[in-house]
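Take a look at the structures listed below.
Presented sequentially are two complexes of chain A, the first with chain B as partner and the second with chain C.
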Partner chain A sequence: MTNIRIPPVSSRPVPRPPKAVVRPSARERGTRLLAALFLAPTIVGIVVFTVVPIVGSVVLSLFHWNVIDDPSFAGAANYGEVFGDSTVLVSFRNTLLFMVLAVALQLLIALVLAIAVNGRMPVWLRSVFRSAFFFPLVLSAASISVVMKYLFNQDFGLVNWLLGLTGIAPVPWLTSENGAMAAVILVYVWQQFGFSFLLFVGGLNNIPKEVHEAAALDGATGPRKHLHVTLPLLSPTLLVASVVGIINALQVFEQPYVLTNGGPGDSTRTVVMVIYETAFEQLRFGTASAVGVLLFVLIMAVTALQFRLSRRFVHYQ
Partner chain B sequence: MTDSHTRRSLLRYGAYGAAAAALTGTAASWDRLTAADVPGRDDGSLVVATLGPAYGPAAVRSLTEGFAEEYPDIKLRINAVQAVDWSDFFAKILTQIAAGLAPDLVYVATEGVQLFARQLGVPLDHWVRRDAGELREYFADVHPALVESMMYEGSLYQLPVEFNAADMYLNRQVLRRAGADRPPADWTRDDFTALLRRMKKSSDSHFTPYFWTNRLWGGVVPWLFANGTNLLAESKAPGGDWLWDAFYPARQRSGRGGGFRWTTPQATGARFEETYEYLASLIEEGLCTRPEGGNGQNLVGVFSTGRVGVTPAGGFWAGGLHQAGMPADGYDTQYFPRWRTRRHQFGAAGYALLRTSKRQEEAWEFIKYAARKDTLTRLFTTNQTTPARRSMLTADRYRETGPDHWRVFYDTLDRFPDTGPVPAPPQVAEVEQVLLKHTGTALSSPRAVRPALRRLQGDLEKAMERDV
Partner chain C sequence: MSHTTLTTGRVRHSLAPWARIAGLAVCALLTLGPVIWTVSTSLRTPAESFDLPPEIIPSEPTVEAYRGVFAQIDVWLLALNSTLVTVLIAVGQMITAGLAGYAFARLEFRFKKPLFGLVLATMMVPLQVTIVPVFLVLKSMGLTDTLLGLIVPAFPTAFGTFLMRQYFLGMPKDLGEAAMLDGAGPWRVFRSVYAPLAAPGLAIVGVLAFNYHWNEFFRPLILETSGQNYTLPLGLVSLQGNLGTGSISVVLAGVVLSMIPAVAVFVVGQRPLREGITSAGVNR
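Now for the complex of A and B:
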């Protein structure tokens, strides 16, 4: 047996070998330039229509401005006002509640329907379902809400009339706190789930058949197969759908504005409604911008949290 | 990837780039739309912003063609802004102003008179004084209450061209079913409740005796007026004598001032609370809908089919019901029921001149033209409102649309001279918003009234303290 002496591990970091400076070739430079040229319109668009308004909102949130008179510097006064305003705080609570319920329901419905449509079904029928579920998404949220307002009317609406046929008493859809939130969520989910549905259909098509066949050989059937095979493999799609769904839900405006105008009381008032009312009805653009900045921070935080958590739950093949 | 392939790709992209550059260059050399091409911007037109739904294409044509005949040198552009209500309309006008597209004149209802007067309006006083001879006929034909509602701190900001008082519409089909007659002019709140009970008793479960909406005009406020109270303490600004002395006889100008002041919120007052408790009891008894349940748009249909018995509305509804196919004898009108007072609520509208306008003389000519009887006669052909000019309310006008007792519309002002405008201080948007919000909460049950009104009072105080 040879006596091998292991040298002590030095605490000094091993210096990295110097990076070889490789100058890009003329062809590579040309390709990069070309890429930059193609990307330029998008980058300009993002800067002009996203970055500038965000920066503008942050700046405006530090001023008092009513459109008509010149802005005056307010410091953090607008933020103080926002945190002391019970309506704003309630609107954040409503928005978060709406987001949780609406996104969960939207994803669940979309997932179940996507699995159902992706099963054994004639191709033409599959196309019909895809179009039917996606169709509400292309309609204007405001016009849908106007129609839904009639349908959900407690006294004269079709929904209560149908419920009445089954012996259920009229539900105060738009005039009670719980009913109003439920109606807003139902209308929103009905319109929005088509997007997640299409994503899920695409995601399901990307799952190799062999995986399902192997699971079937191992005895997995029905719900177990979907729970242990389909869902993990669909998790990247689920992440995209939930990120988009949450960002959209946090910015909900048209449905509660048209259906309930935020009522009864403040029960369906959302953050974007408060921004609109504060800016365009009360002419307090600084305060409205402060609320907008807080919503932006909330959206960023929730999205970052999602991506953080996704490391644990999302499986990439 | 081979060299030749890459070279080919680069050549192809180069060709695309050259084509794109050529297209861009060609497009850049064409005449194209810019911000300066927005209709009405710097083209020398006198721009008048109106509430779109109230001014259909025919009305716009009538206004522009008639004005062009009289004033061929003034180029007129009507900007019919689509909005669901006055609050939405004002928001859109302010957005246009922020975008540098300020109109010269804006059609403004009572709800926005003080907001526009304080922030943007030009008082019409010196023009009214200058053209007094020309305007004498106008003022003689218009009730002073309407003119007073267009004044702010002693100055006149608009000449009212239309108004609507909150009277009661009664469905004759429902009255017959209940075996009831049209109530008398001096009916009381208790008579009103009894009529609703009779209507409910004689109808099925799909019937609603009283339909009302949650808004500033025609919602809870007429009941507050009838009970001798108001949302905000009401007083009159000093001044205005220059107008009253010049145009109205002593009997009519008595008690008139320089416009209304709405100041301290009084939502926790005993009469205020009593009014809400009464309305909450009507809801609890199933005699009316909750006010958030509907609006005027869906009301026309259900009223004309006999599913609603009574609703508050102004002269505008005669046109609406006629368009919905309801015969003139299918409904009737009566004054709002008496409680402690007979005071009614109204809202009026006219054209406000903006101080940003560079065509103020021309704008004044338009204001006078728009208030003329022949102009209003051409404009209000379908009874979509009550004309501000008393002489326009004739049997002939209401023969086709009804109702039989069309005189109620203008007589509300004459019979009850203390009839006043909806409370609309410069902070009206926030005031309206908190009123609607807390009214919804207060009417959820009679027990909810008091706490909701306390919160309403607190929010109103905050709103009124805010400078606009």
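Now for the complex of A and C:
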């Protein structure tokens, strides 16, 4: 750039040229038309399949409807029904419990592995590890849950057999309430931690080397270095990983549906499972919509809370 | 090596990497273990599939279980359905996200900011929350229990649009300006200058879409009621239901078959997939 603008010496404001009232040129009109054409599929799609359904969910939650008969206005009756239904309440409790445990475990495993992979090692070995931890992500949650059902079988499952080698008695994974929740969490975390892992690997690569060298000169080593140096620098990535992790965890469906079908009892029934069953098995569309609206409110509330808390803990460089 | 030197930096440096790498190796084995077990068990006879300890390399490998899958379910039909749905969605998303991303990055028009805000906001709305009205919208269009009903709603992609916008924003502006000085209209600038440069970004969108929709379970479960419209994950879960716990190896053979395209995409599309996921964290 050669034409540097020199500020006017006098204090008098430089008169601005009057704003020309020009009709859009042919080129501008062409640009607008092109923009409209380019955006149409996405915007129309989003309106029809997301915006209208959000409004629809709220409206529908105020009606009784089984698809066959005409809908009838119900006011807040569906919400009353939801709050009086122990299965729904338990599903919210289960989902929150699942979210806390699964996300915590997922982030912890991903963080430790990402830091370990980031250490010194041959390049090929690093890419082998990276691929291995990332691999479960490409598999279908439904079919992998079919596999896991066999691995977690109490009598002939490989998990209990391996535990048996270390002298641990067989665990009733899928047939006891705590065992079932633990199995669902383990299967979910096994498949999902690779996502956070990749985010962390990316985040660690963004931390300048000099920071670690400076910390090493100050005598920080090993875990202490990571706690006081790596973690604060990684905090923006941690925020993203936990927000995405929590939003995903609140929608868990495939693993409990295939592994336990919500059982034993209602111990692994999640909110999305309840939405599915209420709407598509019992044909109570109004009630299902009310549960959906509540789930949406929960997701928004948890995410907002997280961003609020994060102001205190997230450090941007 | 005496014990006292353990605390000095040098020894720590030469010891720790091996422990760290060994630990990573164990974790990698645990991560891949279920997949290895699946493949090896699918190659055993149904009678031997319960054997413990499992032979990782079956002494007499057999494809008997695979014949069983083909006998029990119409694998070809399921695979055809899955392929049709996944490929069309992936191509559709590449087109819609490419166009919309370009418009948001490089074109000037009214309501650009609020429209982009709308796209970003829908990224936060989980499908599960809107599934009941989506089902009703599709029903009113006569698209329930059709493959089209799975495909069309998946065309708009908020994340893909966002990704492509970032991608186009990363390209130098002067290229387009130079073309405009040469008299190219907005369409020519897009078609001849920017679109050809977008291929790697589009690959990310396509691979992410392929991976997600090949494995998708929730929407097909709700939308597809007749077996002829099932996709592979649905077929597999129903295969397991039909057989109970009778023959693991047949079910697992089915799982392996359904994994093959996903693994192929993993091998070929690993880089775009990784970049797609990583950019979710870096760009947001």
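The rule is simple: the second predicted complex is superposed on the first by the 270 of 317 C-alpha atoms of A that agree within 3 Å, B and C clash if a C-alpha of one lies under 4 Å from a C-alpha of the other, contacts with A are read in each partner's own complex, and residues count from 1 in each chain.
One rule holds in what follows: contacts are C-beta pairs under 8 Å (C-beta built on N, C-alpha and C of every residue); 3 or more make two chains touch, one makes a residue touch a chain.
Computed from a predicted structure; not experimentally measured.
When the two complexes are overlaid on chain A, chain B and chain C occupy overlapping space and clash.
Of the two partner chains, neither chain B nor chain C is touched by A:Y79. Of the two partner chains placed by the overlay, neither chain B nor chain C lies in contact with A:Y188. In the superposition on chain A, A:V272 makes contact with chain C only, not with chain B. Considering which of chain B and chain C touches more of chain A, the answer is C. Applying the stated contact rule after C-alpha superposition, one finds that A:S176 touches chain B and leaves chain C untouched. In the superposition on chain A, contact of A:P264 is made with chain B only, not with chain C. In the superposed pair of complexes, A:T237 makes contact with chain C only, with no contact to chain B. Residue contacts after overlaying the shared chain place A:L34 against chain B and chain C alike.
In the overlay built on the shared chain, the residue A:F280 is in contact with chain B and with chain C. In the superposed model, A:Q154 makes contact with chain B only, not with chain C. With the contact threshold set out at the top, residues 27, 30-31, 34, 37, 67, 149-150, 153, 156, 280 of chain A are in contact with chain B in one structure and with chain C in the other.
Contact residues of chain A toward chain B in the complex are 27, 30-31, 34, 37, 66-68, 149-150, 153-156, 172, 174-176, 260-266, 269, 277, 280-284.
Remark: chain A residues 27-28, 30-32, 34-39, 41-46, 48-54, 56-57, 60, 67, 113, 116-117, 119-121, 125, 128-144, 146-151, 153, 156, 158, 161, 190, 195, 198-199, 201-203, 206, 221-222, 237, 240-241, 244, 247, 250-251, 253-254, 258, 272, 275-276, 279-280, 285, 288-289, 292-293, 295-296, 299-300, 303 touch chain C in the complex.
On the chain C side of its complex with chain A, the touching residues are 9, 12, 16-17, 20-21, 23-24, 27-28, 31-32, 34-35, 37-38, 50, 52-54, 95-97, 99-100, 102-104, 107-110, 115, 118-119, 122, 124-137, 139, 153, 155-158, 161, 180, 185-187, 190, 211, 214-218, 221-222, 232-234, 236-237, 240, 245, 248, 251-252, 254-255, 258-259, 262-263, 265-266, 270, 273-274, 277-278, 280-282, 284.
Remark: chain B residues 6, 10, 13, 17, 87, 90-91, 94-95, 97-98, 119-120, 206, 208, 214, 289-290, 292-294, 298, 302, 307, 427, 429-430, 433, 436-438, 440-441, 444, 452, 466, 468 touch chain A in the complex.
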